[in-house]
């Protein structure tokens, strides 16, 4: 044993949180699927699976947009505001400016990235906590959107956008889910195999040490926020497709909890320096599964929230005790 | 108090940390606990202080078996400790930290004046310069260490465990500490003293217990019959390899020159020249401002005057990123955990962090194979003991952590390395190895600015030694590798400056 | 068989309304059906409480296999659409939905239509273009307009008013703002709109903003109109606290606090809506459509509103001190009227 | 810079104080209604609940935890208190302590679950938040309890000149909390655990017990906030608490608390809540166009934060 044993308590498996932790969570999701589909046949009907997949896709991307900032040890309370700004910008470009779809989408994404950059820039230049800056900018961005659009939704978008949102691949799957997975793969590569990803994680885990080692910490934080804005905008675009309209009421504070839920359940630390890309996806899947399962089971109208909370609690505890059990067993072998 | 550890064992996942280890502590003795890093000293201390529970064996106090479920129990049983990790609350005042678990509440509420008076009593035993009302986070590393010791003393326990109390304090304070420990011993206290510095052990300990690989290599042997060589062979299992390298000549070109540098920390008129391939020592008492100067050089803190020249050209360094990537200056911080390493990341990531830029190919993709093959040679060359380079650095021993820290900078190919306290808390074998390595680095053409409070280390490594006092350079001593003459020259220089002016508080370090 | 037993229970029901409805059943207008109909509000909200009874009554009175009141966990669009999707997966055959978001609900309605599941907007409308078969509810624009007119009347035709509006990002809020502005403009300057205070949908925010408003301009304000449930309640309470009967106030909905304030003279009136009737009639009509026996008449005399071209007013009336005790009966009468004429006016039935 | 000013600037909340003074001066100049007795009453009253919400989060931040369930817990306590009084006829003097005890118990539950399972408090309280809201909605079916005792309602709206009686509660809580955190052993232990959990444990402080204590305290404070909200609104609304979360973090953090734990400021949090109340009041008074409200809110928070940052940099007390 080393002299630094105590560190063990606080340390964590590798920088992409340990595969075993994610298998545990995945197993819990699988068990829930088994239970729900046995108890309620409607759970696995095409329309329900399609619905689950589509909600999941958006939640995953919202989770990613928070995760990339959590990796730096910060947080982004403005994900929802950036999302809705991008949504309304796209709506404007499509409906009022008559731009073709790809240009309008690119415009929305670009705006999201720009707003994210603004957050990052302000955080690095002022040295103020990301929490406070993004709290203020959430209000600023949302406010600017309201001033410019007067909160009037754009609901005469080209029909192919709504059709894309309703499209079913093989009767079960929404193309949005593939987009979310593709983003997941890209992020996985980013954090696992690229210079930038590594620098982000190093800066998140120990900014002073990273700075001393020649990591441009400030630049890395700005890039992470830009990426967060881009991802929030992407989630916004997905909602535009899903709803067939661009509305001022999407995003905002509503995204805040889901944005933390996926990454944190999946094993991303709030302290920074670790990301769980696959975990975020599984974490989001856990919540979506429980929610959908309870709906299908027709659990009492107003009591549903209670059961959602209890099952969530049971799931995280089961995962936790599985981890402890494995640890004990590996010691027993010794 | 008669504290007795009998056949205690402790296993962690993958490691048998302690295997039937014993230790008996008598009243009125200073008992040295020695061993290389990873030998199990700290684990043993954590068991005695109730932080870990042993898998087997027993602990008795005055013949009665005791069970500690938490540090609380151990304190109640009369055992106080200075742990190796920093254990202070950064935002609390010095006084509150010292009396943390038993703050005085005369009428249900804290009495701040009483706290500071009480804390003052213990702090004065060691250092009068630290204000008990200051927040701990504003102290220097050495000052924090002194607060830690005062905190342990304040428990007034009959048994005191000290895990490397002198690791980051200077000789001056060490002397005060030793005088105090001796007095406590003479009053009947039992003290366990852990240190890697043999000189200290020989100076202060009455008996010694040695651990090697989690087992007893020696059990309570009297120091009177002990020789340096014997102690080393007990710990290491082989003889100490002593580096003895003649000082290098110094006619190479100047790579780093400071001209009248002033900083926000209060340095002024700091001028020196570092030549290619030399080891330039920077010695000073705690609070002299050595680390702060280093931080200013690499741009981690602003300079307020003067100029830096790198390879003869004026250099404006605004951050560490620029220092490394543009001027090839690296800084190995004394604060390994805060500034040196990313404890939660793997060895591979820690070493490669400085060279990712070089490794990255198209689209910024890093080839894992290339990364491993870049890192592996350093792991081998520095003999970093680990099952795999995927090991989390926080799980390594202090010595191996330091090797990782050095490996990182070797990999970075820095031309100028500022090495700050490279062997604090490092065991003898690793220390010797690191010394060899630093010589090797310099021989390879890298210039080293060495900061150390460890006089023997300074003498063994530096080619010449700058003396810093109160944020000024007050002299330079040539090093002829003769400990007595060099250390005398340095200390008398410092004392001369000290006497020339009214005594200043040494606590003004920002 | 089912019909008969339901019929007996229907007759046994004490309410006049149930009696009416059951007699329609007895006349053979409604057929027993296998439809499962869900009535879904925008989220948990006291306004929709009568829907639960309306669902139970409709199931009984019209012999529908199931009429269920299903509440999204929170007032969020995605939770509402997930609930709809899930219920569709479970075999519900028709949906009566309050569009918590008038635009956002449309893609879900389109999907329901694609799966041949009819839906109707109840209580509030979905914004055109929409696939909701019709909208039975309160015309938010008209209600706000009438309310403002009522307020202006109470103020004696002149003075300055303040509009307490709901969430700014809600499309309905925009309509209400316009309605109030229009009503004010029609007075040709006799009445001025002093200020519009928005985002008063949360308790504390409403309390804070409304009180701050009263503090600042108590003397200039001649009247206030609230177009959201919560600001109505909070403003009623604030006026009572202030003890000010000079400022006229028109609220919305029949929350107990508002009604008592009307009784005691602190509030001039409130715009009653007809939640029970919306749920009850909605279920009745959805059953007819989902059974395939009727289709919506395209050329019926729909009311056209800024939101939709197929609007049916479920009845808006002003509750004031005069009709405080009788307004419930008035609403029931409205409900019966709408229901008895619905088939002829709006449907083509075989 | 004269010595007094410099010393004032060294205090970390002085930036916020300056923002408050500046803002008040500006508003007094802009709107004659600002300094009227009634407006001051309105501002003080709106500040009461918000302050307790900020404190409820602050104590968990102090120990290095978070309580996502503050709002849900507050909502639950509000309807339980309302239900007790309306449906069971429990007298006010019994209902209030019971309600606070229920809040403390819910907090205790949060604490014990966090401590025993070793799962991040963020996740635990996220789950319990959902459970608390579920119980709240299950009991009320989203319909408020209206029949509150007149004494409670009067307490929520009566005033002595500009001083709302409601303010008594937060004043007492502020003083007690200030003393608790700076002058009592559990209070100091709480901050010690937040500042360096490992060190605190080595010093014989039970990390577990202190974490549970912080959560329990947070529950009790949220419950107190809920009761004040009931008094203020005159009815027990199930929606109480639904919009507390962001404010609960914003107030202590703008007031200087560290998200990582170990450092909070009672005074700073109080000033931050005053600042927020001032901004919101000011926007109504200044008749800000509703479409501009959000934007102005963000800009003002940013300005206040920047002012404080400027202070920190100037004085080097970063």
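For clarity, chains are labelled A, B, C and D in written order, and residue numbers in each chain start from 1.
Please note the rule applied: contacts are C-beta pairs under 8 Å (C-beta built on N, C-alpha and C of every residue); 3 or more make two chains touch, one makes a residue touch a chain.
Nothing here was measured: the structure is a model prediction, and the numbers come from that model.
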Touching both chain A and chain B (chains): D
Chain pair, B-D or A-C, that carries the greater number of C-beta contacts: A-C
Averaged-CA centre spacing for the pair chain D and chain B, given as whole angstrom: 43
Distance from chain D to chain C - Cα centre to Cα centre, in angstrom: 36
Inter-centroid spacing, chain D versus chain A (mean Cα positions, whole Å): 28
Overlap residues in chain C, where contacts from two or more other chains coincide: 44, 71, 73, 168
Contacts with two or more other chains, residues of chain A listed in rising order: 6, 146, 150-151, 301-302, 304-305, 308
Interface hub residues of chain B, defined as touching at least two other chains: 51, 85
Pairs of chains in contact (touch as defined earlier), listed by label: A-B, A-C, A-D, B-D, C-D
Complex interface listing, chain C residues touching chain D: 44-46, 48-49, 52, 71, 73, 165, 168, 194-199, 202-205, 207-209, 211-218, 230, 233-234, 237, 241, 256-257
Chain A-facing residues of chain C, complex: 44, 69-71, 73-74, 76-79, 82-83, 85-91, 101, 103-104, 106-107, 110-111, 114-115, 127, 129, 167-171, 173-174
Touching residues on chain D, where the partner in the complex is chain C: 31, 33-34, 36, 38-39, 41-43, 45-46, 49-50, 133, 137, 141-144, 146, 157, 229, 232-235, 237-240, 242-243, 277, 280-281, 284-285, 287, 290-291, 293-294
Touch list for chain A against partner chain D, complex: 6, 77, 126-129, 131-133, 135-144, 146-147, 150-151, 253, 256-257, 260-261, 264-265, 270-271, 300-310, 312-313, 316-317, 320-321
Partner chain B, residues of chain D touching it in the complex: 179, 182-185, 188, 191-192, 195-196, 198-206, 258, 262-263
